Each structure stands twice: as structure tokens, then as C-alpha cells.
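Labels run A, B and C following the written order; every chain starts at residue 1.
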Amino acid sequence: MLATEEAVEQMWGVTLDRLYDSEEGRRILSCIQCGTCAGTCPHGEHMQYPPRRIITMLKAGLIEEVFASDSLVMCVNCYACQSKCPRNIRLTEILLPLVKEQTIVRLPQMPPELQKAVENSYRYGNSQGESARKRALWTKTATVPIRILADDPRPVDALWFVESDLAFHPRGQDVARATARVFDALGADFAILGNEERTAGDCGRLSWEPGLSEALIDYTMSILKKYEFRRIVVSDPHAFDAFKYRYPMFGFDETVESTVSYVHRDLEKIRPRLKKRLEYTVTYHDSCCLGRHNKLFEEPRELLLAIPGIRLVEMVHTRENGLCCGGGGGGMWLDTYYKARGIERLSDRRVREALDTGADVLAIACPYEISRFEDAVKVAGAEGRLRVRDIMELLVESFGDA
Amino acid sequence: MHANILVIAEHLKGRLSGIVFEMLGKAHALATETGGGVEVLLMGHGVRALAEELGLASRVLLCDHPALAAYTPQACLDVAEQVIARRAPDLVLIASSSMGLDIAAPLSVRLGVPHVSSCRDLRITAGRAIVTSQMYGGKMLVESHLDLRGAIVSVLPGAFPEDAGRIAREAVIEALPVEGLDAPHMRFTRLIEQSGTDIDITQTPVLIAVGRGIQNRENIAMVEELAAIAQGAVCASRPVVDQGWLPMTRQIGRSGMIVKPKLYMALGISGAPEHVEGMKDAELIVAVNTDAQAPIFGIAHYGVVADIADVVPALTEALRNAHAPA
Amino acid sequence: MNIVVLMKQVPDLVEELEVDAGGTLLDRAWLRFITSEYDDHALEQALLLKEQHGGTVRVLALDMGEADEMLFTALAKGADSAVKLSGDFATGIDSHSAAGIYRHALEGASFDLILTGVQAIDDLDGPAGAMLATHLGLPYIGVVSGIDVDTANGEAHVRKEYPGGLLAEFTVDLPAVIGIQAAMQPPRYVPISRIRQTMKTASIDETAAQGERIAGAISVERMYKPERAGSATMLEGSADSIAERLLDILTEHGIGR
């Protein structure tokens, strides 16, 4: 059902006013009002109109009432409703962003953090509002050589799309440097876009901003045309989603892999390097995009289990049922908005689940989690008890030579 | 060359602003160096008592008129223009403040003299005024040279020590006639005290910020005490606010307030980028943290690796002693 | 209500500023421009007044930096027309000269209100809006964060910010020039698709800037970066000796008096 090509084809060009012109749009009519979507939504109880009711209102021609409520501002694009829908309605991929787009433009006031993130992404190519000229600064402190295509445009096997959180956030930069070391250990032929890279545009799209998404996709497509590469390897699962599901609508047809599966495929090449025992109890957080949306459940766990000494424990919500960190769909910039409405941050809930397992490491594979979970660990007063580490960081730690 | 300097005073709710004494002190020093004098223009109604505080000036020019009872840009502009034209000073100093911003540039157009804004240092050398201005949000300093022919300089509050202007001396006061304020296009109606439920930390010059390193809620009281004696306010990073230890109106950072205080004291704040975004432009940043590797030390001007439970009471005590009459 | 908004481009502080070889100007090589924050608020306030009282909003800008992007964004947000005043602004322009250009552009024009940012980060010689008011013989008041217009009486009630959370309210006869500190609502969000659409469909009026350049009034001799430690000066010793050092530092900076 989630075959990429089919999805892309069917998602393309669907708009609210021509919803029923498409097969996917018409599928919405098959809703049996079972309410599974509302029940599975991590913010369902805070939505006046959860997906089930949105469909009711849509059928009744009352969708304006849904726009006028802020229900869809609560949507963190976690794919939970879509993955559980017995009718396979593409809620997260099609319907919800369209409703969200209309909801946001009608808000009496756009949440300022979200507005800033969108404006920054449009102007600087990153939501942080950092100078584009500083994007590749992290490579200066990397311990392995990192080729930047603008300086050395020879063809390359893997074009590594680093994305903004890894390029700019200090903890993200730790992950970027670790990832580079892992690639180096694989003997990979890889290179990055450096300062030419801009955010891929996925979160712009998923948080309702098609104009931003198009502008960023246009830009990235024009940059990618300059270089020859066999595949794009993407660290940020949201960007991975963008390349896999949105870019093809604009004519993109390159091979896309996530960092996790790229490293996993050649795991045997680095296994001999995993010498240092890490006596950690680790629990792994399934990112929504990698996990529920792209079914990468086993690969990240197998990477962790390849590290000698690591004991893997699972949280209450895991794999298909993993609990979202709350950062998707613009949620990254809606913490204040949610808090003002008395909604607990999902990352706080998730970190409590991690603490309940007794783990001392919360392993992640999505750069959003670093700042979200490290903050939540502070809120839980569990600093020193629970560390948040990207899988790439743990692999490098097990190399034991740094 | 003698430099005769005119300082334009401002006052609010019956008190002269601190910047007036800053400018007066500086002007007096420069005038003394060059053998010139300082006059202060004081506009208001029934403000002779304020004129008495300006004894350091060679002369206080008092313009008293009912239309000047409350500051009104248009009236002050008209009066200041008349007085400057009549006294022909070599240099005019105006506060770079809410009031000064209204009149400095228009005066320069009306009088046909140059104006330099955002001054944070001023010298007179070889018959010219050398003004150092803070431009581009403090990222650059610009040094401009002006002929002493009536140029106007807007001075940033905090540029010069206030004490130098507060020398107690008997003031020489000259009342000047005020004319031509008959048909104002602008009328003051009232002062509004903003009665929000909480203070506005974006407007507070001294901020004492606490992070998770504060450990527990009880320690907030200790920090409140420091803030009170430093005439500042307590604010926090997100985890502290999330704990409910302080209201959201005190939260600094990407999801809170963006502040640019004169002093930002970061106590137990590690300096995550989400927080730094909200305070990096503070004029002076002092960080106290037990972790010597905390990123906050990368942007702070001064750092202390210590437990805040040791440093805060000691600093509170030191400030208290400094305030106590000798 | 016919409102004119003056907007300008200023150096974007996100990019590292450098001084050029001459030592008195910013190095233009890496300079990027952005709409002055206060001008964005002036536009927002104008749009709010238009929504309340009807009328038009016309935006004027000198052709500097990313002026086109700024003007199209203003149109996308709801401005009715945008005028770009073209000229040689390659090395920037001082506010006195800018005020002279605006004077030429607006003399004889009909409007009720001119709104502009109260200041900008590069106003070495002061805010142009205040000077324009003098040229046009109009009242000026700045640092304003609230405006109510009484169209029947042709006046505006404005609230001006003072330190310490104090506001002063004034009644100003229209037309007038008002320097905006903050609009009554934060500058609005406009979907990026609408900006992109506006660029394809709307147009900007372009006219040559007229007015004398007022040169030489201020001679800038030097521009330089303030010293700023890359990392903190660390204070060591007992809690009491650290407290004494901190006290000295605070006193030096005029804090805690």
C-alpha cells in the first residue's frame, strides 16, 4: 500500500476543492467513522475536530468550521492515524496538510515561532535563521576528510544530504561528525553540498506551507543538477521523506536512502571496527518518518545490537506504535502554542517512557530528537541518568579510537 | 578653541532622567578641557526644583510654559530650535531616548547642522568633536568627526558615568521667554501605566536568568533577592518555566522572549542554542555554571565555574555592602 | 485613510559584517540586506488601520538591497501600491539625503498619514521619517506602539513608549508622520505561495529618485568592530573574591548603582 511510486502519483495535485477528482480523494468517502484515527492521535484529545470528524464535516460541506478551529495546528504529522486507518485513507499525506494549510492562514495570529521558522527557511534556507555561509563550518572540526562538491565537483557515489539540524545545532554537529566517521569507516565515496545546501523543504510542506516547499524544492533540484552522483543519502528522516515523496512530483528520480539503511547495508564492513564494549542499556525511539512512514524498524535496532555490550530494551510504545516526539509538522516551533493550551509536550511523555525502561541511553536516528529529548531529560530532572545519543554516535563510540 | 556645549534635559514624572547627568558630566569635562561652558536647556512647567539639581552647568536655561507641562515633541522642538538659534552653542547633546529621538534629527534639519546618533563616546580634539557611535545593532563602531559649529549629538543612555554630573553646586538659573506655542498640532492627553500582570522583561535592563542548574524551586528565592538588590528581574530558560517555577512571561529564548539587557547573568544555564537566540545581544553577559565546558561560556564576557548556591549569596552580599552608606 | 509607508533595506545582521579596505564603510561583498524590523511594524500598523477605516496603503522604498522582494511582500500582505525610487545607492545613503528624496516624492501628494520605522540600525545621522516631517511641515512623533484614528475629527490618538513600561498618549492632527516602534499586532504572516504569486502578477512602480544628496555634513573617519571576547574571561577564587570582582565589573558597566 505504501509503495512510494504509487503514493507519489496519487498524492500529486490533490487539492481540497478538487478532492474527489482523484482516487485518493475519493477514498476519503469510504471512511467508516470507526474513530481509530482520533483514538491513536497523540493530540487527539485536544482536537475539536480529529480526522474522523474532519471527514464528517467535509462530507457535510462544513469544512470552513474545521478551518476556523485550530484543531489541525495540533497535528504533528506522526502518521499514526494513517497507519491505523482500516480504509487506508492517506490522512497524513494528503488530507491533513491541506486542511492545516487553510487553518493556519485563518488563525487570528500565526504562532510567532512557527512564522519565524518559515520565514527563516525561505530566506536563509534553514529554520534556525543562520547564515548560509556558516552551514559547512562543522566540517572544520571533523576528524575525517569531507569533500564539498562546490570545491571538488568530481562524480561521487553518495551525495550526503546533511540537513540543517545536523549542520547548525551543536549537538547535531556532533552527530554529523560521527556520521562522517562512520561513512569513512565504510570506505564510502561520499561528498556534501556544503554551503549550497538548503533545507529540503519537507517540514515546510508538512506544516502546511506549499509555497515554501516549492521554493526550496526548486532550489535544491537546481543545485543537484550540477553534480553527478549515484544516490542521495539523507540523515534527517524528514528530508528523507521529502526526497522520497515530494521531490518526485517535481521530476526528481534519483535513488534516495536514509543514513540508517545506507550504513546497515554495509554493516559487515564496519563490524570489525566495533571493538569497544559499551555496557549500556539502550532504548530506541522510532522516528515517525523512518518508522511508521517508511517501515525502517529493524535496521536501526540491528545497528545498535551490532555494538558489543549494548542491551536493547523497548519502551511501552514501540515500532508501529512509537510515540511521536512532537516535533513534526511544525510542532518543533509550536511548543509555546501547545503549552499555552495546557498540552503536555510529547517529548516529555516520551522521555518518561524511556526512563521507565531503566535504560541509560535513549538512542535516536532523527536530529529533531536531540534538542527535544535533551530538553525533556532536563525537565524530568534525569540529567546524568539518561543520555540521548544518535545511533551514529554510539557506533563511533564503539570504534574506541577517538 | 572654547567649546560651548548645550545639553537638552528631559524629565518624566517629576524626575530628571539619569542620562541628563551623564551628558552634563561629560559636557562639563569637555568644556573644562577647552575653556568653554555648559548650558542646560530645561523645558517644563513648574520645574525650577529640577533646575536646582543641575548645578554643574554654567547656566540652566529654564523655559517654563504651561504648554510644556508634559513633554510634547512639537512644542519641545519649537522651543529648542529658538533657544539653540539664540545661544549658538558649538555642540548640542540630546539623549538618544524616546524623547530625544523625536527632536534631534528634526532640529538638525531646521538649523542646518549635522546630527550624529547613538553616541557612546565623545572627545574634542583639535577643535573637532570626535563621536563614536554604535551602529548595526552594536556590531560596528563608527567614528565621525564634526566641526564645532552647532552639531547635534544624540547620546546613548549608559555611555558616560552619571555620578560625574551629579556634583552638588548651586545652580545658576536663567529663565527664558517662551513664544509661539499657540496652535499645537499635537496635544498630550495622559500617561498610562501599563498594568500588566507581570513585568516586561524585554524592558528590564538587568536580568538574572536561571536554568536547570538552579536545582530546585527553593533556590529561586535566593536569586530573587540578588535581582532585587541589582534592580533587575529574574527570568529563566525553558526547563525552569516548564517546571512551573516561573511564569511563561519570564522565559527567554526561541520559544520565549528576545531580550537585549545591559546585563544578563546566566545562572546554571548551559547555553543551548534555543536559549542563546533570546539573549545573545545582551551588552554584558556573565555566566555561572558548574560545567566548565558549558557552551554559555562561549558567548559570555565573564564566566565563573562554580555552584550558584555559593556565588549568588556572596554577590548579593557584596552588592548590599556597596549600597550601604559608608 | 490613505497611508504612505516608508520602508528601507538595512544590512542583515545574520551575516558577519566586515569593514571594507577604505576603513569607513561596510564591505559590500558579502553584505545581504533585509527589511528594517521597525519598517515591517510600520507596514503592519498601516494594514491594520486600513482594515479598520478603509482607504489605501502605498509603500515607498529606495532601490537598495532586496527592495523588490520587500515591496512584493508588502503587496502580498495587502498594500495597494508599491513605489521604488531608483538611483545610485550602491554605497548606501544617509538619512538626510533619503529624507530629501522622500520629500520630492511626496510633496503635493495626498495622504492622511505617513508611517515609518522609528529608527533603523544604520541611521548614523538619525531617522529619515522625522526629518521628512520637518521638510513637509507636518507634526512628527516617534517611538509609537499604538494608533487609533478618529477620521471624523481628522486626528490620531497615538501611544508613545517611555522607559519603565510607561506610555504617553497624544492627539495628533492629520496629516502627520509617525515613527513606529511596534505595531499593535506582530507583523503578519503571508503564505509564501502568495508572495510568489504576487511576484508573477503584481507590479512595482519605478521612478527616479530626485533630490539633492547632502554630502559631507558628517565625515566618517573610521568604522571598526567592537572588541568582543571569543570566549569568556574566567574568574577564579573564593566565592567572596569572585563576588568582589563581579561587583567591580558591574560598576564599570554602570549596573547596580
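Structural remarks
One rule holds for everything that comes next: a contact is a pair of C-beta atoms (placed from the backbone, for glycine too) under 8 Å apart; a residue touches a chain by one contact, two chains touch by 3 or more.
None of the values given here were measured: they were computed from a predicted structure.
Highest inter-chain contact count (C-beta pairs) belongs to B-C. Chain centres here are C-alpha means, and the one lying farthest from subunit A is B. With centres set at the average Cα position, the gap from subunit B to subunit C is 21 Å.
With centres set at the average Cα position, the gap from subunit A to subunit B is 46 Å. Measuring from the averaged C-alpha position of subunit A to that of subunit C gives a distance of 38 Å. For subunit C in complex with subunit B, the touching residues are 11, 13, 17, 19, 26, 95-96, 99, 118-119, 121-127, 130-131, 133-135, 138-143, 157, 159-173, 176, 179, 217-226, 228-236, 239-240, 242-244, 246-247, 249-251, 253-257. Subunit B meets subunit C in the complex at residues 12-13, 17, 70-74, 97-98, 101-102, 104-106, 108-110, 114-118, 130, 133-146, 154, 158, 161-163, 185-194, 196, 199-200, 203, 205-206, 229-231, 262-263, 283-287, 297-306, 310-311, 313-315, 317-319, 322-323.
Across the interface of their complex, subunit B is touched by residues 113, 116, 128, 168-170, 333, 335-336, 339-340, 345, 348, 371, 374-375, 378-379, 383 of subunit A. On subunit B, the positions that touch subunit A within their shared complex are 212, 238-239, 242-243, 248, 254-256, 272-274, 295. Those residues of subunit A lying in contact with subunit C across their complex are 101, 104-105, 109-110, 112, 115, 118, 122-124, 129-131, 133, 209-212, 214-215.
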